[in-house]
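Next up: the structures, one after another.
After this come two complexes, each holding chain A, first together with chain B and then together with chain C.
Coming up: the complex of A and B.
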């Protein structure tokens, strides 16, 4: 071999050794960063999450504090709640029908809505992944039983069941979370099962079998990392759904109960025509925030789906 | 009849009467309406340290044979004797132990590597699973040594499969299979998916590793040239059965079975002035779900006789270590 060729090979080897290692996750994140709309959504969600965490610090009043002011009633000066006051420098989004600061309650409401969404989606993912991977991996009778169970739960009309649960157990934040979690896992179970069914036939699973890898390791190390992408996408979109459903339930008075604020029960103010026409600050801010949050989660989910799709080139 | 001692000392793996039928199910009740006879009674021996080549057209049952030997598919019938023991009687625990001695290399270097694991994890996983290493340091050393043996570098360990080319990926597959230091490796079309230039690299790597680690190969391929280069003995399969089996030079110089003769005549000539007769077979291979009566090849055989459609030919010795299943040579 001539000197020149040798030198070139050495240079190539050096170049190769300096190659930057990129895991499939890094590549996906790099692709996500190019999606401007998704990044804006992510930014908005970060702000929301941060404000929910720091609610105690950034809010000017206590959550349930009823603000009073001296007022003259029939010649006497009395301390009365400042009810339904329009936004001013004291109350930047005004006060509600009991005299509480709307901005403060909005931030705390975000905390509740996000928590409910997170816990519900976490429950959905845990149950869905467990059911879906067991059904897909073991197949046969296990698959048949688990999938029929999934079909049955899918047939339940969600709102009806949720309202029944609330009627039986009483409205509370925990009942909302559990109703959402225990009824919403079916689609993720189906997705995971389908993915595992197709992955199981790939040669790397046959290789794992030939290497004598245990079933538990096959599921957790080989199969689940490969279905993470659809799980993440589903979880993101599921957050939007859970927040929306929680709002609906709370609006109907079937979810989180006052005085705990959520965007849903704050929008109850819109039930009166007078408020709807004259007191926009009661219902527009919570409605707008719900809209922004749900929209952001959906756009981020879309972006994640594109970024995580291995068939899309960089 | 094929009669050899399956427990002879120089034989590592013997197959006797191996059959694999896939049931065809149809209808709502999943009633079995028939069988695809993918492998229908195989007999052969592989000597320790040697390579047995299995050739045949696609769909003839080569890959099914390879997978059945490792019990990745459960055979319908027959015996697989490895190290003097019939492994088909093994329970799960013993089968798991056996995994350290028998390995397989697959055809597709893309789908056979888990894209979410690094090369180090892929190669080292089985070592951890079987408790063959005591410390992280030992694991690292063994993984590095095996991937270097397979022509990669130690720093490749932390990379993911998508960062490698097809040939490099196949080297990772080889490293994964050999990390356990097996005695017997099934190479299932191990080079068919690669470029011709890379094929030769990988084939030579397999040969070097065989000498280094005293490996025994079952080399499955449809490429006669490659099989001739790497094998010591060759079996030609047709429709789930072995048509002819011989030492490689005997097979290439004096093919006996009409199917082997037709196959060999299809190899492109190496010199334009070489005179070679082309035997062109008519039609396609019959479906293994509905094989023809008698000899499976009689529908396409240029030398078919009346008896061929009636009786299945016996797998007989026609020379030293040369076996052929054809009525032409039946006494």
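Coming up: the complex of A and C.
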């Protein structure tokens, strides 16, 4: 008797598992897992993030340490910096123009580039979501004013203004984050506004209205969770753009300044024709890493967009 | 249609006005000004004031803005502090170089981007499709200055196939005209490839996704069942519709080319507007910087307007009101 009941329960459990209601996030993640290219990108980005966090542990030298070696100069033995040395077993990616280990600086540079990207995108999302949801939710004059402001900033010649802001405030890591954050929020504001405009008219918002809850609760609890998917996709693609722009600004000398290493300012070494021609280890590794990181964020962003799109067949 | 056009042009005005206000204040409220470089600790306060007066930066910033904008409305962009010549004249000389570079790279992007996007879509999931898709991903992800450096190293330094930088060889003005043209073309190849890569990749991606959507439509199936050849279906029926979204992209992209030219012009020392703007920041040449900003913003706004108008011309289903 009990045996029969057990069997029935098991069968029921199996049936339940098959008809389990999945949350949209589980479905999206399951679909993302099928996208092999996106998973490889995610894996690469995890390694990168891990190496940035553990930079102090995994790097063989100190970040700004100038490595010295005994050299004979006019008959005397002196301790001199090992400048621009090609990769060897001591320095797996060689040393730079001051005798610092390039591999070490690359890892620390990754830490800076990722941090700048994260903070800049965080600023963009906060400003963009605030402006977009206020404009979409309140409409009328608020919408008109906020959207004109968005139009204005959208039409700024981005790079020129970013360089101007950084050049005038003085190149530093904070000013780069600030400039990228303040200039890059317009597209997310537009997306959020558009989504909220259409969501506002749906029945569940009428129900929320009938319950008489506060506006802030309507926005944060009922509207924004429905806009999460495009925000996530934007943030991923935004990381790619922020890292690309940071490296460009730093390469032009308008970004993060030495001795703090970033991939962009390490590539300044290529401004000398001699280094460009003969010392590849000075500028190719940071360029390649920037490229791989930006591409990974772009692929992951594409993958997330497909995975989060409810119109795609499951 | 005429009302729509009028409305849109009237809408541009306040936006352009807003852009000038914000950029003017960003530029002028920054610490330090062009006179600080010329100042000398031995100068007296009166002398310092006179220097500031000469540049018109002794007045309150709002007055400075009103002075500037009232001249701009009359068509006068002011005098460049560095060049000691009218801003419009200085910009005019550089405009042609940037325009030429942007046009060549746009042509390159259209000629490569659109056909490869079409091929990619019609042969979805084949090796060729993967190749183009990866190419497009590389194109949008590689930092343009890094790509430029790689090209310079390989094509200009290791093998002297193309010149390293500039728009023409210094002594070229005494050469026969044919040699001069050849000289300019040789100087154009690398910067045009670098500037065009991002656009090529974008056009490829957009054409592919737009084409994929169109070839699943019912009228394409009808064309197939009518027995039309694949080539006619793709190039006459599908491509025309697939290109409509590309028009919008073009409207956004052309102004972007001018801004993107900043990096390319800096790396290749190309004597264009981007380099001019970049140098104006370094020199704190505010009137020139405002002039370049105004020009680029104006270009962006008209680009968007043209995109909307041509969108309507290409797709008769869209009505303006």
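As a convention for this text, the second predicted complex is superposed on the first by the 293 of 314 C-alpha atoms of A that agree within 3 Å, B and C clash if a C-alpha of one lies under 4 Å from a C-alpha of the other, contacts with A are read in each partner's own complex, and residues count from 1 in each chain.
The criterion applied here is as follows: a contact is a pair of C-beta atoms (placed from the backbone, for glycine too) under 8 Å apart; a residue touches a chain by one contact, two chains touch by 3 or more.
Just so you know, these numbers come straight off a predicted model, no measurement behind them.
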Superposition on chain A - do chain B and chain C clash or fit: fit
First (chain B), second (chain C), both or neither touched by A:151: second
Touched partner set for A:291, first chain B, second chain C, both or neither: second
Contacts of A:165 with chain B and chain C, given as first, second, both or neither: second
Partner chain in contact with A:204 - chain B first, chain C second, else both or neither: first
Partner chain in contact with A:23 - chain B first, chain C second, else both or neither: first
First (chain B), second (chain C), both or neither touched by A:273: second
Touching partner for A:221 - first (chain B), second (chain C), both, neither: first
More chain A residues in contact - chain B or chain C: C
Degrees between the directions from chain A toward chain B and toward chain C, using C-alpha centres, nearest 10: 90
Smallest separation of CA atoms, chain C relative to chain B, angstrom: 7
Doubly contacted chain A residues - partners chain C and chain B: none
In the complex, chain A residues that touch chain C: 148-149, 151-153, 155-161, 163-165, 167-169, 240, 244, 247-248, 251-252, 267, 270, 273, 276-277, 283, 287, 290-291, 294-295, 298-299
Chain A - residues contacting chain B, complex: 13, 16-17, 19, 21-24, 202-204, 206-214, 217, 221-222, 225-226, 228, 310
Chain B residues touching chain A - in the complex, by the definition given at the top: 67, 70, 72, 95-97, 99-100, 102-104, 106-108, 111-118, 125-126, 129-130, 153, 155, 158-160, 162-163, 173, 176-177, 180
List of chain C residues in touch with chain A within their complex: 14-15, 18-19, 22-23, 26-27, 30-32, 137-138, 140-146, 149-150, 152-153, 157-158, 164, 258-260, 262-263, 266, 274, 277-278, 281-282, 289, 292-293, 296-297, 300-301, 304
